[in-house]
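Both of the next two complexes hold chain A, though its partner changes from chain B to chain C.
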Partner chain A sequence: MIAILGLAIGLIGGLIIEPEVPDALRPYLPIAVVAALDASFGALRAYLDDIFDDKVFVVSFLSNVIIAALIVYLGDKLGVGNQLSTGVVVVLGIRIFSNVAAIRRHIFHA
Partner chain B sequence: MIMRPPYQRNSSTPSQRTPSSWDLLERVSATALDEDYAKAAAQRDDDPRGRRRMPRTLGSLGLIGLGLLVTATALQTRSDEPAEAQERTALISQISERESEISRLASRTDELESDVEGLQGTNEQIGSRGEELLDTLNESQLLAGSVPVTGPGVRIVVDDESEGVSGSGGTILDVDLQVLVNGLWQAGSEAIAINGNRLGALSAIRTAGRAITVNYNSLTRPYVVTAIGNPDTLEASFADTPGGQAWFDLQTNYGIHFDMETVDDLTLPAVPDDRLDTQYATRQGQLP
Partner chain C sequence: MPDRPPSETDPVPTSNESPQGIDKLTKMVRTRPGRGQIIAGILLAMLGFGAVVQGRAVSEPDDYAGARRGDLITLLDSLDKARDRTEDRLRDLEATKLDLQDDSTNTQAALREAREEAGALAILSGTVGASGSGIVVRIDDPAGQVGASTLLNVIEELRDAGAEAIEINDTARVVAQTYFADETNGVSVDGTVVSSPFIIDVIGHSHTLSEAVEFPGGVAEIVESLGGSVDVDERDTVDVTSLAVRREPAYAQSAE
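Here is the complex of A and B:
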């Protein structure tokens, strides 16, 4: 319950304050979101597996976001930003899919 | 036994399997859940005080972060849209601009092509006109004597009476040569020269001092008159002219030498330039 509340507060707060993202960070925002989604779905699965841990979630969330953004930043500097973004999105996408599949099995037992 | 893709046929145990991109994808999906959760859970199980496995403050903060990230990205993407739309509109207007320019240039091309066709027609007209003019010029030059000419004709050698043949003192006068030349013109000559002096429209045959001059050149005996004309008829025609009659008289009565022969190939020089100039006569009307 408190989790859904947190998510709602984040979404509504974001809508209300409309955070200004610095131009330098803007290209890495979508990748950061995908990484954050990955961490969050992982957390939901852990919660359903009954092994959820606050600290692990926050650490994985932050490290996911930062590392994904860093990888893309490095790729940009090396001139392979697009390819690396694609790679990151593919890997995170696969993780999200398998986590969501596990969650689905938990909820529907199928 | 682990299920593995059928194309990995050379391995018996998982540890010997050739690394491949398939393995990588497999591993990615196998470790989709952070191992740390399991480790933390194991530690908690060992710890009798065990924390509650429910998201609390820290987890809520993480989710707030997720919400913020999502909205920020969504808002950013939406705010980028107008710029992209503007860009697209600008590109579309550029495209239509270029297209209209292309059609304008195409019509210009058509215009120029028809121009070129017209000019080609004009060019051909000018070319044929030029040829016409060249023909006229050639004819005029031949008639005026401004160019050397060659052709068949007759060569006439005339000379004063030999010493003491008739005693009547037969000497050729300028008028005799005038009569001779006139007869040759009448007989159909097209170009005449006396001692290599071509007769033009302004050439006079006259006596100056003791000599006869043509084109201001004094002539010395014997006088050689060359005339280009029909070699078959020139000689006979000349005999029929008054000039021919006169010279027959000169021959018989004054012992003047007259020797005429037909020649296949005569070359006559051009009239000197100073005998081709006109100072007072100017053209009436246009060039042909």
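Here is the complex of A and C:
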């Protein structure tokens, strides 16, 4: 419940505050969001598997975000920022799909 | 949401198996918020916030981001052409501006010349007052012997000496067409009667003018022979304030 509330508060806060993304963070935010999404779906799946642990969730969430940002940063420095961003998004996308598939099996038994 | 006991309508686990799928989700939503839920809530708030911010950043208007290369080239070409046209127009307008400025300068020069000429002519024709260096001639005539012809002699001498503006007794301006006539109580100058003492204000080269009056055998001696006296005073500033009688040419027309 608190989790859903938190999500709602974050969305509304973003809508109300309308912050400008600082230019330094501009390339990393989308990747970070995708990484956080992956961690969140992973957590939901773990919960349904009865192996949810908040510590694991926190660590995976933060490390996902940080590693995604780091990869993009590294890519920018190496001149392959776009390709690496695409790679990260693809990998995270696959993980999100597989997590959602697991969740789906739990809920719909199919 | 407060934790409440399951009611009849709520889906409840019907077996002893561990709760499955939707039941688990329902339970998750209902459970009393624990530490894990709070942390998950905070992280999800960050996620939502970031997602919205990013979504807004992406949806900022960028009209040409999705345009194809060909479209962009066409657009660029049309902008170039528009710029060329505008620059042509700018050049035309600047040329026109220069023309107009020239015209205006010429007109102003002509106007200034015409004004100067008009000023000179106005002084000569006596339609405006004048001031400048010159002399004041005082003719005393106790015997009443100085008449129109003597006065005219004096004026002619002054004209010969380059007098530019002449007036008598501050009332009668003397110009080219001025006539002198004897009257019982003095001399009529263009209809204005002046009488002794005649005080003649003259603008011109003051030394030349005084020489013209005082040279031996000149008008001064003539006046003195008539029993009068002539007194010449050279001044730096002589004011001629009276105006000549206004004359419109009845026969002559401008030849231009």
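The criterion applied here is as follows: the second predicted complex is superposed on the first by the 110 of 110 C-alpha atoms of A that agree within 3 Å, B and C clash if a C-alpha of one lies under 4 Å from a C-alpha of the other, contacts with A are read in each partner's own complex, and residues count from 1 in each chain.
Note that a residue touches a chain if its C-beta (ideal position, glycine included) is under 8 Å from a C-beta of that chain, and two chains touch if they have at least 3 such contacts.
Computed from a predicted model, the values in this text were never measured in an experiment.
**Student:** Putting chain B and chain C onto chain A via the overlay, clash or fit?
**Tutor:** Aligned through their shared chain, the two binders clash on chain A.
**Student:** Specify the partner with more touching residues on chain A, choosing between chain B and chain C.
**Tutor:** B
**Student:** Just to be sure I read the superposition right, which of the two partners does A:Ile51 touch: chain B = first, chain C = second, or both, or neither?
**Tutor:** Only chain B is touched by A:Ile51; chain C is not.
**Student:** Applying the document's definition of touch, where does A:Asp23 land relative to chain B and chain C: first, second, both, or neither?
**Tutor:** So A:Asp23 meets neither chain B nor chain C here.
**Student:** For A:Val59 in the superposed arrangement: first (chain B), second (chain C), both or neither?
**Tutor:** A:Val59: touches chain B, not chain C.
**Student:** Check whether A:Ser40 is in contact with chain B, with chain C, with both or with neither, and answer first, second, both or neither.
**Tutor:** both
**Student:** Who does A:Ala8 touch here: chain B (first), chain C (second), both, or neither?
**Tutor:** In the superposed model, A:Ala8 contacts both chain B and chain C.
**Student:** Go through the superposed model and pick first if A:Ala32 touches only chain B, second if only chain C, both, or neither.
**Tutor:** After superposing on A, A:Ala32 lies in contact with both chain B and chain C.
**Student:** Using the touch definition from the top, say if A:Arg95 reaches chain B (first), chain C (second), both or neither.
**Tutor:** first
**Student:** With the touch criterion stated at the top, can you tell me which chain A residues are shared between the chain B interface and the chain C interface?
**Tutor:** Of chain A, residues 2-3, 5-11, 13-15, 18-19, 21, 26, 29-30, 32-33, 36-37, 39-40, 43, 47, 50, 52-54, 57-58, 61 contact chain B in one complex and chain C in the other.
**Student:** Touching chain A in the complex: which residues of chain B?
**Tutor:** 25, 28-34, 36-38, 40-41, 44, 51, 53-73, 75-77
**Student:** Could you list, by residue number, the parts of chain A that touch chain B in their complex?
**Tutor:** Residues 2-3, 5-15, 18-19, 21, 26, 29-30, 32-33, 36-37, 39-40, 42-43, 45-47, 49-61, 65, 91, 94-99, 102.
**Student:** If you look only at chain A, which of its residues touch chain C in the complex?
**Tutor:** Those in contact with chain C are residues 1-11, 13-15, 18-19, 21, 26, 29-30, 32-33, 36-37, 39-40, 43, 47-48, 50, 52-54, 57-58, 61, 106-109.
**Student:** Could you please specify the touching residues of chain C with respect to chain A in the complex?
**Tutor:** 1, 18, 20-22, 24-25, 28-31, 33, 35-54, 56-58
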